[in-house]
Every structure is written in C-alpha cells, then in structure tokens.
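Next, two complexes with chain A in common: one pairs it with chain B, the other with chain C.
Our next item is the complex of A and B:
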C-alpha cells in the first residue's frame, strides 16, 4: 500500500482525522510547553490558591495557587513522554521477544511465552504498583513499570504473526535462496507485521497515559511538584465541591488525550487492514 | 479486554467530576453566618433516654484495651472501660476508680480504690481486679499493645481489698499519667476475661457508664446504658458507633441526620459546617504537634548553621494560613502548652521567617550562591532530601510541597520522596537513612513531657530502639530527660524539661508547624458534650439529646 493510498483510506474516517489533529496539537503543546505556558507551572502563590477560572489565571489556580493552564500544558509533556517512551520500550522488547519465540520455536518459545503469560496473569495495575514499589516512585520507574506491563501483549501479537508468516511461500523462497535468520526476520517478517504493531502501539500509548495518570493519582508515579495530570486530579478531588476546576481540567485533558489516541488507533486499523477493501 | 477497564474507569471519574461541576453551579447557597462553636455543653435540664449515632471511618479490630489501641477501638471502649485515674480537660490527673494515691518509696505507687464498684457483669471491682489487669498488660508471654507505656513496672501487689501497690524496678515518674490511658490500663473484669478467653475483645466487660451490647462487623457497635454505674448515671439509652468509610458518604449521612455525631469530619467542609445552624462544631486545642524533622546525622543538616538557616527559611505563618486554612493552631513548641513541663521558648521569634537571615547563616556555613541561583559549597549544590507521606495528619503532604516550593525559591534544592504511611515509617526507622527532612506528627497523650520529649529527643530512643527519627544526640539533653524520668519531685522534673526544651530548640531539631485541634461535629440537639484535648477521648456519660 502506498502512502497516498493509505491516506485516502485514513481520510474517510472523520473521527480519526480529528483525533490525528488533536494528537498533533498535543505533541506541539508538549514540545513547546516552555514557550506556551503563561506561568512557571511549579511556582506557588499561596494567596491565590483555588482561584476560579478567569481573572489572573485563565483556567484558574490549583490548591497552591499555581496556574492551572501552565500545569495542564506541562502535564501534556509528562503524559506524552511517559506514553511514548513506555510504549516504545514495551514495543521494542515485546517485538524482539515475540519474533525470536515465534521464529525459533521449540523450548525457547515455550519458555519465553510462559514468562509472558505470568506477566499477563497479574492484574495490570497491581503489577505496575509492585514494580514501582520495588524500584521506588518517579517518572523513569513509572515508564519502566508500564513498559514491562505492555511487553507481553506485543510479544504475543508478534509471535502469532511470525508463526503464520514463516510458513508462507515468500519466506520459504528467501530461505531457499540462502538468506539467514536475521535477514529473514528483518527484511521479510518484520515489515509484514508492521501494521498490527503500529495499531497496537497507538492504542497502548493511550493506555500508558491512563496508567501513568493512575499511578500518579495513587502517589506512585510522577512526583510533585512536577505537573502530571494524575497528580492534579488526585489533589483536586478534595476540592470538588469548592473548586471543581482543579480536578476537572486535568481530568478532561486525560479523557481527550486517551480518546484521541484510541480513535487514531481505530482509524489506523481501518486504513491499514488489507482485508478492508477500498469501497 | 482487561486493560480497557482502566480507561473506562478514568472516563467515568472525569464524567462524574464534570457532573459535580454542573451540580455545584446550581447550589451556591448563601450560607448564614453564625458563631456557634462551643455551646454544645450548655442548654438546660438534661433529658433521659434516646439513642445517639456516631459516624466514624473504620471499624474496631477488637474491644480489648490490652489488644487494640487505635482510635476506632478506643472511641468505643473508652465508654466501657475506665482507668484508675483520669485526665480532665485541663490535662490534670483526677480520681476515677482510685480515690487517692501516693508514692510509697521511689518504686511503689499505692492506690486507694473506690468501694462498692461493680463490673458490668456483676463481678466486684477490687484490688485483685487491678492486679489482674496490670499483670495482663505486662504478661511477658503475651504483652499488651500498650506494654511499653508501663516502662519498668514489674507487677502489682494487693495490700487489702481496696488498696493496691503498683511496683516498678526503677523510679518511673510518668507512671501515674501513663496509667490514665484507657488503652494501657483500662481495668478489665477478671471473670469475663477468664470466661471468654480470646473472645474477650468481642465481649468486653468493664466498669464504665455504657456496656457492650452488639457488634455487627464493619457496620456498627451498639452500647447500652449501664444502670448500675457507680458515678453520675448516663442519660442516653444507647450509643451506636457506625462505620462509614467514605468521607463523602459520612458527610451526607450527617447532613441527612442518619448520624448525630461525626468524628474526623472532612476538612474542606468545615467552613460550611461551622456556618450551619443545625450543627455544632466543638473544637478543643489538641496535643499533637505536626513538625518537619531534621536528620542530625546526615549532611548537610548535620551542620547547625544550615539547620538555623532552615529555621528562618520557611514561612510557617503562610503555611498555617493558606495551606492548613487556619484549621489548626500555630505550634508554640515541641509539645503542646497543656503538657506538664511545657515551656514557652518564644518559638515564633526564634524561628521567624527572615530570608536575609537565612542567607547570612548559609554564608557563614560556607555556602555561596552560584550563577544558577542555587547555594553551593565546594562545587556541590545545597540539596535536601525530603521524605513525606499523606493523609496521616491534616495537609501533611501539602505542607511538604509548600515547604519545597519556599526552599526552592531561596535557592535550596529539594528532592521530594513520597511514600505511603507504613512505608514512610519503615524507611525512617532504617539504619542510616539518607533523608534530611521529614514530616511527622507526635501526640503527647499522657499530658506528661516524658512521652513527648523523652521519646522524641533522647538518644536512647533512636531507631531501632524507638521513634527518635532525628537521630538527635545531646548528652546534656539526655541527662536532663533521664533525671526527669526518674525523679519524683515534680518541680525538679519541670525545671529539667524546661531546660531541655531550650537546648532542643536552640539545636534546631524540629521545625514545628501546627498544634492540632480535636474537632467533633454534632447536631445542635446533642447537648452536654465536652471536648477533650486528648485524641480518642470521646465519652458519652454527660451527653443528652434535646429532641
């Protein structure tokens, strides 16, 4: 499928296009946060605490008098950084494990997949909490915990597609022509499994973002005063009756971001799935 | 797919909060302003009868005072059991089951008991029962949770039916005050303990104004009036302690009138409750001090000049006003003023917020301000590791965050480290921990400085032996605290505590933030309730309902 073909199919899904725009805007916000944010996101101004939106602060101030707008923009940075890095690590690791297990087969396949099953068997949040408890809280460890959690899903996905691919004629042909395993994996198997990886990756970015928010909400993820949407929601829930904007704004940011990545993933799936014909 | 659930839950939360915003816009009621803080005590001739329902967040573990010692239990069994002597609202020791007492020599405290008192099961209360209880507390095979409060106590001796001696191995001055704690030495019925064995905690029998009636686990505990009570008879027929774990649900239950008496109210709702005419808020200055502790062994807080700089670098006034929202009292020392041995050392003036003084002290300590605005010495930035937790004390985490911000603004780097409460305690107790600052609260429930100052500043009580997380070591302070612990001369003890406080404050071991207020929220028809400074101390003998 050429790029223009892909784009033509992707474009048909209006939601996906809107989601793509949102994701691009979020990325821009995250990259240019220092220039976009009107205030320092971490400097407190106690007398302005819980200021309502409007006036001095466009989106109000939080419980320490920090600018909500600036914190929300900087929060996008944390969310996307954790989402992209964690999913990236999980994807690379999972793909490597899945390819080796699927292609080599035998006892190695058994061993690797049973380890993946063990990881999958854990309740997802509990696994992340256990990892963070062992390593200590913080953004890097949160990324690692989320990466470990995403790893088995990618491994299983890729293993399945490798097993079906390795029996196909073009792989047989490559082998008959004397290509070694590495070349076959890199040049033939991986490119043919790339669409599910991309789709899965996009969906998992959304999940990683919620996971980071959840861990931060529980106090185990990103540490204060860094602006993380999860922390902001967590702090704001004490003031739902008096200053509802503190929890609601980051809550909406999480919802919009997760929705955008999910819709984008759906759009990619529809556009990349060869079984869905051009109508 | 299982992973999808987290997304769903978050979206649900966001939706719920959004709805609340909408709901909140419609209900901006203009609350009537009225001062009605402490009038619950007054109000005419007490009426007999009725049932009061108390709301609290957690169920009891056991109602055996020698087994379970946290608030959810003590709130309940403080009405079933009584200690030999009581602390009144001014933290003075008053007669209870014992009418008189005296020290007979350095190591024997003699009690003369009230006659004609019976346990709720009819067993007579006498010297044997006291001996039984004391020996149950110090039983080496199965010591009570509150065993350590009795220090060097070795046993009790029956002199006659109504006279009993409590004997210690070495002189132990705080003994009388420690015996006022119902969760240390609430007197239990020996017959009931023998009858129920391990189930005594589910069938508690004491001498108090209310007797145990029913316990529905995780739902409610019901107490009924003890008609044979030896003191002034209680008015209420029943007291029901209900468990409502969720703060919001507890507030709603109170608003609806399902509960009449609320323990641990939501801080953010206090202003609304105070202005509500149907509600009385009884606030009593408490005994707990929330403080920021300094590690005396770990660089750079092992440097007295750095500690002194910190004592001028934090704006406690702003923290108390804006973060704690004025709900607590600014701390005036390392123990609360009501404690025996307290001295006003002029904390506010000694640790006044003065940025230039802090900078001056840092310069003296050899620090210079780098081009990045951060203080440094020998090329290394001034960095403090700050360990804190959340939810154990009002706004503990928020205070830590505000302090972090204030220090950062002054060019002191702060590395925050958050842990949940149990992990926080474990980490602080570890060998050679690397923190510089930590948050903690300490309550001197006995009303005697021994429990507040000895336990928190004597070097013998540093981990692993005890809870002196500062690792403070001052030979003179140790000597004074030992002297105050073993001397039975109250004037001498007081003087020793006063000098110790001067030294400790001079060394800058704690940066005290606030002194608690004990807050009970009651419906305005609940009369006769008197607030008590000690946490856990909720007694219903004098309470009656005007409805």
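Our next item is the complex of A and C:
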C-alpha cells in the first residue's frame, strides 16, 4: 500500500482524522509547554488557592494556588513522555522476543511464550504495582513497569505474524537465494509485520497513558510537584465538594488523550489491516 | 473431560510457580536492606539480623526462592509489618468486600454489555449502534478513578442519592463503585458481543430458524446469542483480571474496605510482604477464573471437545 492509498482509506474515517488532529495538538502542547503555558506550573500563589475557573486563571487554580491550565499543559508532557517511552521499550522488547520465538520455534519458542503467559497471568495494574513498589516510585520506574506490562502482548502479536509469514513463498524464496536468518527477519518478516505493530503501538500508548495516570493517582508513579494528570486528580479528590475543577480538568485531559489515541488506533487498523478488528 | 480437567489443573502448577518466581524476582529488586524496610528504623540490629536469617536474606537467590515457595505452599505469606498480623489473616479479612464488589460489577457488565452488544449487532449501523460504539470507546478511555470521582460529585454530593463511600449503606453503597469498576468492562464486552453476534447472524442456521418461523426474539437470544457466547465468555473471564486490578483504584476512590485498598496502604508504608502476598493471591484468583472460563466453553458450544 502506498502512502497516498493509505491516506485515502484513513481519511474516510472522520473520527480517526479528528483524533489525529488532537494527537498532533497534544504533541505540540507537550513540546512547546514552556511557551504555551501562561504561568509557571509550579509557582504557588496562596491567595488564589482553589480559585474557580475564570478570572485570573482561565481554568482556576489548584490547592496551592498553581495555575491549572499551565499544569494541565505541562501534564501532557509527562503523559506523552511516559506513554511513548514505555510503549516504545515494550514494543522493541516484545518484537524481539516474538521474532525469535516465532522464527526459531521449538523449545525456545515454548519457553519464551510460557514466560509471556505468566506475565499475562497478572491482573491488570498489579504487576506494575509490584514492580513500582519494589523499585520505588518515580517516572523512570513507572515507564519500566508499564513497558514490562506491554511486552507480552507485543511478543504474542509478532510471534503469530512471524509464524504465518515464515511459511509464505517470498520468505522461502529469500532463503533459497541464500539469505540468512537475520536478513530474513530484518528485510522480509519485520516490514511485513509493521501494520499490526503500528496499530498495537497506538492502542498501547493509550493504555500506557491510562496506567501512568493510575499509578500516579495512587501515589506510586510520577512524584509531586511534577504536573502529572494522575497526581492532579488525586489532589483534587480532597476538594471535590468545594473545588471540583481540580480533579475534573486533568481527568478530562486524560480521557481526551486516551480517546484520541484509541480512535487513531482504530482508524489505523481499519486503513492498514481490517482483519485485526478485535485487537 | 476428566483427563482434560486433570491436565489443566496440572498446568496450574507451572503457572503458579512462574507467578511466584516473578514476584520473588521483583521483590528481590528492592534497593537497600529489606530487613530495615520491613522492621522500620526503630528495630535493633539483633532484630534485623534475626529477620534476615528468618527470611533467608543471607542466602543465594534460588535458595531463597525455594524457601519462599515452601512457605507459600504451607500457607505462610509472612507477617505484615504494619499490623504484625499474618498476611494471610489480613487478606482473609479484606478479600470478601473485594469479591462482593467484583461480583456486582460483573453483574453490571453482563446486564449492560451483552444486551447493548446484541442490540448493536441486530440494528447494525442504526443510530443506536453508532451511539453504543462511541459510548463504548468513551467508556474505554475514561480513567476508572476519574469516573468514580465524577459519579461521587454528581450522585453523592450534588444529588445526594448514593453514599460517598464505604460499604455501610447496604445495597446502595454497591451501586457507584460497582458501576465504576464495570465501566471499562461493559465497553469491552459490548464490543465483543457485537462483533461475535454479527458473525453468527450471517450463519445458515439463523436463516433456517427465521425461515421456519421462529420468532425474532427467540432466534436472537436462544439461537444466535448462545452460539456467539464463547468469545463473549472469554472476554468476560479476562474482565475479572481487569476488575481485580481495577479494584485497587475503585476501592481507593470509594474508601471500600477491600484488598485493593489494603494493598495501597501496604505500598505506602512499604509493607512489602503484604504487597507480595496480595499480588500473589489476586493473580492466583485470576488464573483459576480463567481456567473455570475455559471449562465453561463446552456448555455453550458442544462442538468443543476437551482432549
């Protein structure tokens, strides 16, 4: 599929196009946060504590009188950074494991996949919680925990794809022409598995962002005073009755971001590989 | 069936060993002196040394793992550093509220997700289908803890219908946390029901049933839904995992006295044995539920033969 063919198919899904625009805007907000944010996200102004939206602060102020709008913009940085890095690590690791397992087969395949099964046997969040509680909270450990959580899904996906590609004629032809395993994996198998990787990657960014927010909400992820959406919602919990904007605004930011990546992932799937409908 | 069951039960052994190994490995990554963390800095040097010997911290990794498994098998998960009570007692005290909450939200998931998915499939491309699809994507995208807070704000503060938290108000206290915990799952179950029903509705036996005059309702719910149920059941089984993990968030938001909230408290006070024990118990529950789900397949689809 050429790029213009892809674009023509992608364009048909209006939600996906809108989601792409939102994702681009979010990326821009994250990159240019220092220039976009009207205030310093960490400067406290005690007289403005819990100020409601409107007036001096467009989206109000939090429990320390910090500007909610600026903190929400800076929060995009944390969310996207964790989402992209964690998914990136999980994807690279998972793709490597999946390719080796699928291509080599035999006992190695069996061993690697059983390890992946065991990682998948942990209920949602709990493995990440265990990892973060052992290593200690913080952004880097959060990224690592989320990456380990995404790893088995990518490994399984790629393994399946490698096994089906392995028997295709063009791989056999490459082998007959004397290509070694490494060349076959890099030049033939990987390029043909790229669609599912991109689709899963996008959907997993959404999940990683949710997970970072959840861990930070529980106090185990990114640490204050860094503006993380999860921490902001957690702080706002104590003022829900009198200043509901503190919890609702960052929560809305999480929901919009995750929805955008989900819709984008769905759109990419429909355009690239409609067979993956249940991903 | 008997042989299959035994095979599957035996398979639990390596899986559970794997789970304990992962937990053991993760916990051995704890930086610093675990004895110091477990006992706190008020403990004397002798106490710490005693604990180190008791936990076998002075021995090599694999030896420690074997000891750990031996203790787990005999039901000894260690003592909670916070309460000084055995971890098993702590878990036994808090797991029931979590199970009740999980059961309620599984009920919500089925009562909302399955009918919504069926209706979406039957009325494909109608406004209902489009709305349901969009709502389920929204449900998948809203963070659980935020949904919970929104529900508290609107339905406990603004309109004081439900209690803000806790489980002292009978059935009423279950509604908001149950719904919150169910929301993500409702979205997934309805999506799966829709796509599975769409596949089945095209099949010959559905057309035959319609042709011979079976009422629509019977065709959809008795014939088609039953045939479409295996993938739905798989997703439902997986939701239990999502709920066991999601309970950590929901219970925190709603001050629910379950194992999830106990775990968060344990993590905050670095009560590592409690964390380790809770993760182990919840992961075991999840594995067992998945096995039970697999065993139910044959009931819905007699073509599935267990070997």
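In the analysis below, the second predicted complex is superposed on the first by the 273 of 279 C-alpha atoms of A that agree within 3 Å, B and C clash if a C-alpha of one lies under 4 Å from a C-alpha of the other, contacts with A are read in each partner's own complex, and residues count from 1 in each chain.
Heads up, the rule we're going with is that a residue touches a chain if its C-beta (ideal position, glycine included) is under 8 Å from a C-beta of that chain, and two chains touch if they have at least 3 such contacts.
What you see is a predicted model, and the numbers here were worked out from it, not measured in a lab.
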Q. Is the arrangement of chain B and chain C around the shared chain A a clash or a fit after superposition?
A. clash
(Q) Once chain A of both complexes is superposed, is A:92 in touch with chain B (first), chain C (second), both, or neither? (A) neither
Q: Check the residue A:254 against both partner chains and state whether it touches chain B (first), chain C (second), both, or neither.
A: both
Q. Looking at the overlay, what does A:173 touch: chain B (first), chain C (second), both, or neither?
A. neither
Q) After lining up the shared chain so the two structures overlap, which partner does A:63 touch, if you call chain B first and chain C second: first, second, both or neither? A) first
Q.
Contact-wise, after the overlay, does A:210 reach chain B, chain C, both or neither (first, second, both, neither)?
A. both
Q: Mind working out whether A:31 is in touch with chain B, chain C, both or neither, as first, second, both or neither?
A: neither
Q) Is A:224 touching the first partner chain B, the second partner chain C, both, or neither of them? A) first
Q: State whether A:125 touches chain B only (first), chain C only (second), both chains, or neither.
A: both
Q | Partner chain(s) touched by A:263 [first = chain B, second = chain C, both, neither] | A | second
Q. Quick one: which of 185-193, 419-427 or 473-481 on chain B sits on top of chain C after the fit?
A. 419-427
Q. Which chain A residues come up in both lists, the one for chain B and the one for chain C?
A. 123-125, 133, 206, 210, 213-214, 219, 233, 236-237, 240-241, 244, 247-248, 251-252, 254-255, 258, 262
Q) In the complex of these two chains, what residues of chain C are touching chain A? A) 14-15, 18-19, 21-23, 26-27, 29-31, 137-138, 140-146, 149-150, 152-153, 157, 192, 195, 240-246, 248-249, 252-253, 263-264, 267-268, 270, 272, 275-276, 279, 282-283, 285-287, 290
Q. Across the complex, what residues on chain B touch chain A?
A. 2-3, 6-7, 10-11, 13-14, 17-18, 20-21, 24, 268-269, 318-319, 321-323, 390, 397-398, 401-402, 404-406, 408-409, 416-420, 423
Q | Residue ranges of chain A touching chain C (in the complex, touch as defined) | A | 114-115, 117-119, 121-127, 129-131, 133-136, 206, 210, 213-214, 217-220, 230, 233-234, 236-237, 240-241, 244, 247-248, 251-252, 254-255, 258-259, 262-263, 266, 277-278
Q | Parts of chain A lying in touch with chain B, wherever the complex brings them together | A | 42-44, 46-47, 49, 63-65, 123-125, 133, 137, 153, 206-207, 210-211, 213-214, 219, 223-225, 233, 236-242, 244-245, 247-248, 251-252, 254-255, 258, 262
